[in-house]
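Next come two complexes, and both contain subunit A; in the first it sits with subunit B, in the second with subunit C.
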Partner chain A sequence: MPSNKVQIIKESLRNKILPSEDVVYKELHTKEKYIEILYIKTVSDGMVIKDNLIIPFFEIANPDQFLDYLQSLPTIKMFEKEDGALDELIRGDAILFYQDHIFLLDSKVDRNNSVLDTTVETTIQGPQSGFSESLPTNIGLIRQRYPQNTLEVESTTVGTISKTKVMIIHDRKVADIQTLHKIKQFLSSIDIEMFQTGEQLLDIIKKSNRALIPVMLVTERPDRVVVNIAAGKIILLVSGSPFAVVLPTVMKDFMSSMEDIYQTYWVAKFLLVLRYIGFMTSLVLPGLYVAVTSYNPELFRVQLALNIAGSRTSVPYPSFIEVLLMLFMMEMLTEASIRLPKAIGPTATTVGGLILGQAATEAGLVSNIMIIITSSVAISNFVVPINAFSFTLRIMKYFVLVLGTIFGLVGVVFGFLLLVAYMVKLDSFGQPFLTLIQSKPSKKL
Partner chain B sequence: MNRYFLYLVLLNMLINVIIFVPKILIEYRYDGAVMGVLIAIPIGIALNYLFSTTLTKFPQQGLPEIISLLKHHWFGVVHLVGIQLVWFTAGLITLISFIDILTRFINPEMPKLLLLTIFLAALFLIIQMPTDRVMYLLEIILFLNTPLIAFIIFKAFSNEYLSWDSMLEVGTHIWAWPSLKAIAAATYCFSGYTNLIIFNRVIKGKLKLWNFFIITVLGVFNLFTTFFIPIGFHGSDGAQELLYPWITTADSLRLVYSPIERVIFLFLMFYMSISLMSISIHWHVALELLKGTFRGKVNMKKNWIVLSFFGVFSVIGVIYLNALLLNKITVYWLIGRLGFELLVVCIFFFWARRRAA
Partner chain C sequence: MNFLNKWKYLMIVVMSVLLLTSCGFKDIDKRYFVVSIGVDLDKTNSKRYLVSLKFAVSNASKETPTEFQIISEKANSMSEAVRMIKTKVDKEIDFSHAKAIVLSEELVREKGNAGIYYWFARRRDIQKISWVAIGRPSALKVLKVKPKSERIPSNALFLSLGKDGSESPYVMSEFLFDMKYRLIERGIDPVLPIIDAKKGFFEINKVGLFNKSHMILTLPPEETKILNFLRRREEKSSNKITRGKTTIVIDTHKVNTKYKIVTPKGKAPFIKVNVSVEGNLEETTKRVPKEKLSDFERAAEKSISKEVKNILVKIQKANLDPIGFGLRYRSRHFNNDDWEQWKQIYPTIAFKVQTKVQIEDTGLIE
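Let's turn to the complex of A and B:
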C-alpha cells in the first residue's frame, strides 16, 4: 500500500473514532523502526497487546524481521476495508500502522467467560454447569462435548445498532440443509435495533411479532445442545447471552427434560407421562370447574356434586368470578416470587399461599375446592420443564376458561381442541410443531 | 403411511352413531336390516379395495391434481362440484345432528346458534390447514379418544343388563328381504375411504392387503356393535322408540367407581372431538375440491367467500332442520350417497384403467 494512502486511512479512522476517554493512540519508537497503535482500552485486552506486540517490538531489532513476525502472528488480519476495520476497532481489535502496512490485531477482551451453574433447567443428576456469557467459551464447551470434524460453525450479525455476533452451529452430517437455509434467511431478514439474547427471536419469528407459542427452544445446558446437534438440529449462540437457541423445535422438545436420558427407561417414561398429565390438568382444570359447577353439576356422581356445591354455598358470586379471582391471586404470587430477593421469597409464598388461601375460604370468598384447584393448577403448570412453554401454558388456560365460561362443557373440550389444532398448524422452520409420531429429521445431504 | 388410510375409515365407523345409522338400522330390524348389514359388508369392502387400489396409481395426488390431467376442463369441474356437494352435506348433516344432540343432552338452555359459532370457529381453523396437518390432528384426536371409546364399548359388552336374547331375536329375522335403506346406512361405516380423493396426498406407498383385512374385522365388529348393543339394552321393541339409540345406551351405562358416574358425559365429550374431526375432514375435502375447480391461485377473498357459504348453510340448517326432519333427509341422503359413491368409484376405476392401457 502506498504510504500516502496509509496516511489518509489513518487520518480518516482517527477522525471517525471520536475523542473518547478510552481511545488510545500510541506511537512506539526504537532506533530502527516505529509503529502506531490505535485501540479502545475498555474493550481490548492490554495483556494481549503487551505480550503480542510491545514486548516483541522491543526484542526484535530488525524492522523486516518484525514485519515477518507480525505477518505470521495468527491473531493478526490484514486491513481490508475502512468500515470493517472501524467495526473491529469498536469490538476491541487494535489497529496497527507499521511501515506501509495496516494490520488488525485481535485483542478483544473476553469478559464473563466463567461457566455458570444451571438455574433454569435444573436436574438432579447429570451435568450441572451451563453456558457462560462469552461466545468463544460457549463454542469451546460445545466442541469439547462434541468432538466431531463435521461440526460447522458459521457467524453472522444481527441488530442494526447492537451488531450482535450470532454463531450458527450444526453437524454437517445430520443437519437438514433446507432447514439451515431457512434459518439463515430468517436471521438475515431480522429487522431489530438491539439484539441481546436468543429469546428475542421467539417473537420475531412471527410476522406480526406477536407469538403465543414458542417455536424455538432456548436452553442454558450444553448437554442439551449437544444432544440436539447430534439429532440434526441447528444451534444459535448469541454473543453475551448464556442461552443457546435450538432450531427447529417441536412440542416434544418442550416436554422433555435432560433428566430423561439420565434416568432408567421406565422412570423416564413415567416422568414424561406425568408432564403431559400436568400439562392437561393445568390447561383444562379451571375451565372444567366453571363448566361443571355452573353448567353440568350432574356430570359427577351425586356425592361429589353435592360436596362441590356444599363448599360453594357461602360463595356469593358465580364460579367464573371465583376462578378468575383465585387465578389472579396465584399469578400475582408467581410473579412476586420471581422478582423478590431470595431471602424474602419463602415468606411471600407462605403469606400468600397458606394464609391468604386459608383466610379466603374462611371469609367465604372462595370455596375450599377452588383452593385445591388453584394450587394444583399452579403446581402442575411448572411441571413443564422448559420455562418459555410453561409461561405459554399459563396464558392458554385462560383461553379454555373463557370458552368454558361461555359454552360450558362444550367450551372446555373445544378450547382444548382449538389449542391442539393451533399447535398442529404451527411449524418451526418447516417441521410440524405437534404430531403424534414425530418423524426423525430427514438425513439427506 | 398406511395407518392414515385406516384412520379415515375408522373415523367414519365411529361417526355413524351421530349420523342416524343405528336409528335407521334399528327401524328396519324386522324388515331386512340384518340381511342389509350382511350385504353391506362385502359391498363396502369391495368399494374400499377398488377405489384405494385405483388411487395408488396416482401416488400422493388428490383428485384436483388428477383431474388437471384431463383434457376437458368442464368435465372436471362438473365432477368436482358434484362430489364436493356430497361431502359438504355429509359434514353438514353431522354438524346439525350433533348440535341437536348437544342441546338435548348437555346444554339444554343454550341457543343452538351459539353452539354453532364455536363449532364454526374450530372448523374454519381446521379445514384451512394443509392436508397433512389435518391428518396429524386426526391422528392425535383418535389417539386420545379411541381407547376411551373402546373402553365404553367394552363396558357395554360386559354389562350384566345386556340382553343377548333380544339380539338373537332380531337375528332370527335374517332372511327378511334386505332393505335398501339399511344397506345404504350400513355401507356408510365403510365409506371413509372416499376421503382419499384428497387425503391421498399424504399417503405414501402402496396399501397392503392387511389394511383391508383390518377394515373387514373392524367393520363387522363396528356394525354389530352399532346395531345390536342398543337392542341388547333396550329390548328388540324398546330400541325403536329412541331417536339417538347409542347415546341413550351410553346413558344406561354406569361406571361404579369413577368420579364421573354417567357414561353419557364421557361419551359425548369424546364424540365432540370425533364429530368435529369428521366434519372437518369432510369439509376440508369439500374446500380443497372447490379450490381445485377454481383455475389458478386461490386468494384469501375467494377462500372466505367459500367459508362464509359454509357458515350460512349451516346456520340455515340449524335453524330450519329439527332432528326428525333431518332423520328423514338423512335416510334419502344415505341412499343417494351410496349410488353416487358407486358411480364415482366405477367411473374412476374404468377411467384409470383406460388411461393405464
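Let's turn to the complex of A and C:
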C-alpha cells in the first residue's frame, strides 16, 4: 500500500472515531522502527496487546523481522476496508500502522466467560452447569460436548444498533437444509434496533409481533443443546446471552426435561405423564371450578357438593369473581417472588401463600376449596419444564376460565378445543407444533 | 379503519353476551340440594298425594353433621307439588343429588300412579342412577329417620342401597333407569326394596314385586335372598341347612344361577334352573367331621332346590316375572306372536331346579 494512502486512511479513521476518554492512540519508537496503535482500551485486552505487540516490538530489533512476525501472528488480519476496520475497532480490535501496512490485531476482551450454574432448568441429576455470557466460551462448550467434524458454525449479526453477533450452529449430517434456509432468511429479515438475547425472537417470529405460544425453545443447558443438535435441530447462540435458541421447537420439546434422559425408563415416563396432567390441571381447573359449581353441581359427589356449598355460604361474590380474585393474588405472588431478592423470597411466599390464603378463607372472601384449587393450579403450572411455555400456560387458563364462566361446562370444553385448534395451526419453521414424535438423538449416531 | 371496525365488532359481540340472561349460572350456595324424595298418599283426602322433599342444609362448619329440612306439600301431581314447594324455600331447588326416591307402600299398592313413576324419569335433573324404594310405614317416616352414623342427610340410605356401604343379600336395590325399563318392557317386571323406618335406623330386607302398574306381592327376607341369587346380584350370604338333628350354616362366597327355557315339541315346556353354591361351614350345632361334608352337601342341595322352586312357583302364581323369563323367551323366539304365546305358557310352565353345593372346608383346622 502506498504510504500516502496509509496516511489518508489513518487520518480518516482517527477522525471518525470521536475523541473519547477510552480511545488510545499510541506511537512506539525504537532506533530502527516505529509503529502506531489505535484501540479502545475498554473493549480491548491490554494484556493481549502487551504480550503480542509491545514486548516483541522491543525485543525484535530488525524492522523486516518484526514485519514477518506480525504477518505470521494468527490473531492478526490484514486491513481490507475502512468500514470493516472501524467496526472491528469498536468491538475491541487494535489497528496497527506499521511501515506501509495496516493490520488488525484481535485483542477483544472476553468478559463474562465464566460458566454459570443452571438456575432456570434445574435437574436433580446430570450436568449442572449452563452456558456463559461469552460467545466463544459457549461455542467451546458445544464443541467439547459434540466432537463431530460435521458441526457447522456460521455467524451473522442482528440489530441495527446493537449489531449483535449470532452464531448458527447445526450438524450438517442431520439438520434439514430447508429449515436452515428458512431460519437464515428469518434472521436476515429481522428489523430491530437492540438485539440482546434469543428470547426476543419469540415475538419477532410472528408477523404481528404478538405471540401467545412460543415456537422456539430457549435453554441454558449445553447438554440439551447438544442433544438437540444430534436430533437435527438448529441452534442460535447470541453474544452476551447465556441462553441458546433451539429451532424448530414443538410442544413435545417444551414438555420434556433433560432429566428424561437421566432417569430410568418408567420413572421418565411417569414424570412425563405427570407433566401433561399438570398442564391440563393448570389449564382447565379454574374454569372447571366455575363451570361445575355454578352450572353443573351434579358432577360432584353429594358429599363434596354439600361441602363446597357450605364453605361458599359466607362468600359474597359469585364463583368466577372468587376465582379471579384468588388467581390474581397468586399471579401477584409469583411475580413478586421473581423480583424479590433471593433472601426474602421464601418469606414472601410464606406470608402470601399461607397467611393470605388462610386469612382470605377466615374472612369469608373465598371458600376453602378455592384455596386448594388456586394452589394446585399454581403448583402444577410450574411442573412444565420450560419457562417460556409455563408463562404461556398462565395466560391460557384465563381464556378457559372466561368461556367456562359464560357457557359452563360446554364453555370449558369449547375453550380447550379452541386452544388445541390454535396450537394445531402453529408451526415452527415448517414443523407442526403438535408433532407427536419427540426429538431424540437417533440411534444410528 | 379496518382495524377499528374489527374492534367495534368484537365489542358488540362481547357486550351482547353480557346482555344474555344467565339461565344456567347459579352458584352452588344458591342451590338447595334435594337428597331424597318421598311420595305418600294424602291421608286427609283433600288432594291425591303428599310429596315430601328432604333438603340438605349445607353447613359452613365441618364439626357438626349436616342438617336437613323436610318440606311436604299436598298436590294432585308431582309437578304441582314441586312448584308449590319452590315457593316455600329461599334457594333454587336442585334435584341433581336426589339419589333416593321413596314411595309409600299404600301408594304402590294402588293402581293408576304410573304418572309419578315416569315423572322421575322425565325430569332431566334427577339422576337416572337414583335408587327407588318402597317406604314403610310411610315415605315421610323413612325420610325422617336420622341414623347416628350419617353426617350427610340420607347418606345412610345411599350407602345401604348402594354397594358402597353394607353388602347384603337381603337388599335388592333398584335404579330409576332400570325401574323405568322394567315398567315398559314386556317380559320383565319391576322389583323394589322395602325400607322399614325404625327409630334411628332402617331395615331393608324385603322386596315388593310389581306388575306393570302396581305392587302385587311382597317377599319376606329369606325369599328376598333367594330372588337375589336368581338375579345374580349378591353372592355373600349364609344358608341354614338342617340334616337330621344337626343344623349347619353355610357361608357362601360364590353363588351362580343359570336358567334355560326348554320348549320340546309336543311336550310341556319347562324352565331348567341350575344353581351352584360354593362356601364354607360357618356354624354348626354339632361337630361335623370333614368326611361327613358330602352328606351335608346333598342335604343342602335338596333344601336349596326346594326353596328356589317354592319361590319361583309363588311368583308364577302371582303372574309376575321379576327375573325376566318372558324377556328371555322373547329373545329366543322370533314369532310375531311370541308375547301372546308366552302369556299362555307362563302360568303353567314347570320349574326343574338342580342345585350343586360345594362345601370347601369346615372352617376349622383339624
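In this text, the second predicted complex is superposed on the first by the 434 of 445 C-alpha atoms of A that agree within 3 Å, B and C clash if a C-alpha of one lies under 4 Å from a C-alpha of the other, contacts with A are read in each partner's own complex, and residues count from 1 in each chain.
FYI, a contact is a pair of C-beta atoms (placed from the backbone, for glycine too) under 8 Å apart; a residue touches a chain by one contact, two chains touch by 3 or more.
Everything numeric here is computed off the predicted structure, so don't read it as measured data.
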Using the touch definition from the top, say if A:Arg312 reaches subunit B (first), subunit C (second), both or neither. second
Between subunit B and subunit C, whom does A:Thr157 touch in the aligned arrangement: first, second, both, or neither? neither
Once the shared chain is lined up, is A:Thr197 touching subunit B (first), subunit C (second), both, or neither of them? neither
So in the superposed three-chain picture, is A:Tyr422 touching just subunit B, just subunit C, both, or none of them (first/second/both/neither)? first
Touched partner set for A:Pro297, first subunit B, second subunit C, both or neither: second
A:Ser337 in the overlay: touching subunit B, subunit C, both, or neither? Say first, second, both or neither. neither
In the superposed arrangement, what residues of subunit A touch both subunit B and subunit C? 295-296, 298, 302, 406, 408
In the complex with subunit B, residue positions of subunit A that touch it: 295-296, 298-302, 304, 403, 406-411, 413-414, 417-418, 420-422, 424-425, 432, 434-437
Name, in rising order, each residue of subunit A that touches subunit C in their complex. 293-298, 302-303, 305-315, 318-319, 405-406, 408
Complex contact set, residues of subunit B against subunit A: 102, 106-107, 110, 114-115, 118-119, 121-122, 125-126, 129, 132-133, 136-137, 139-141, 143, 258-262, 265, 269, 272-273, 276
Which part of subunit C faces subunit A closely enough to touch in the complex? 17, 24-29, 31, 33, 35, 56, 58-61, 66, 94, 96-97, 99, 125, 127, 152, 155, 158
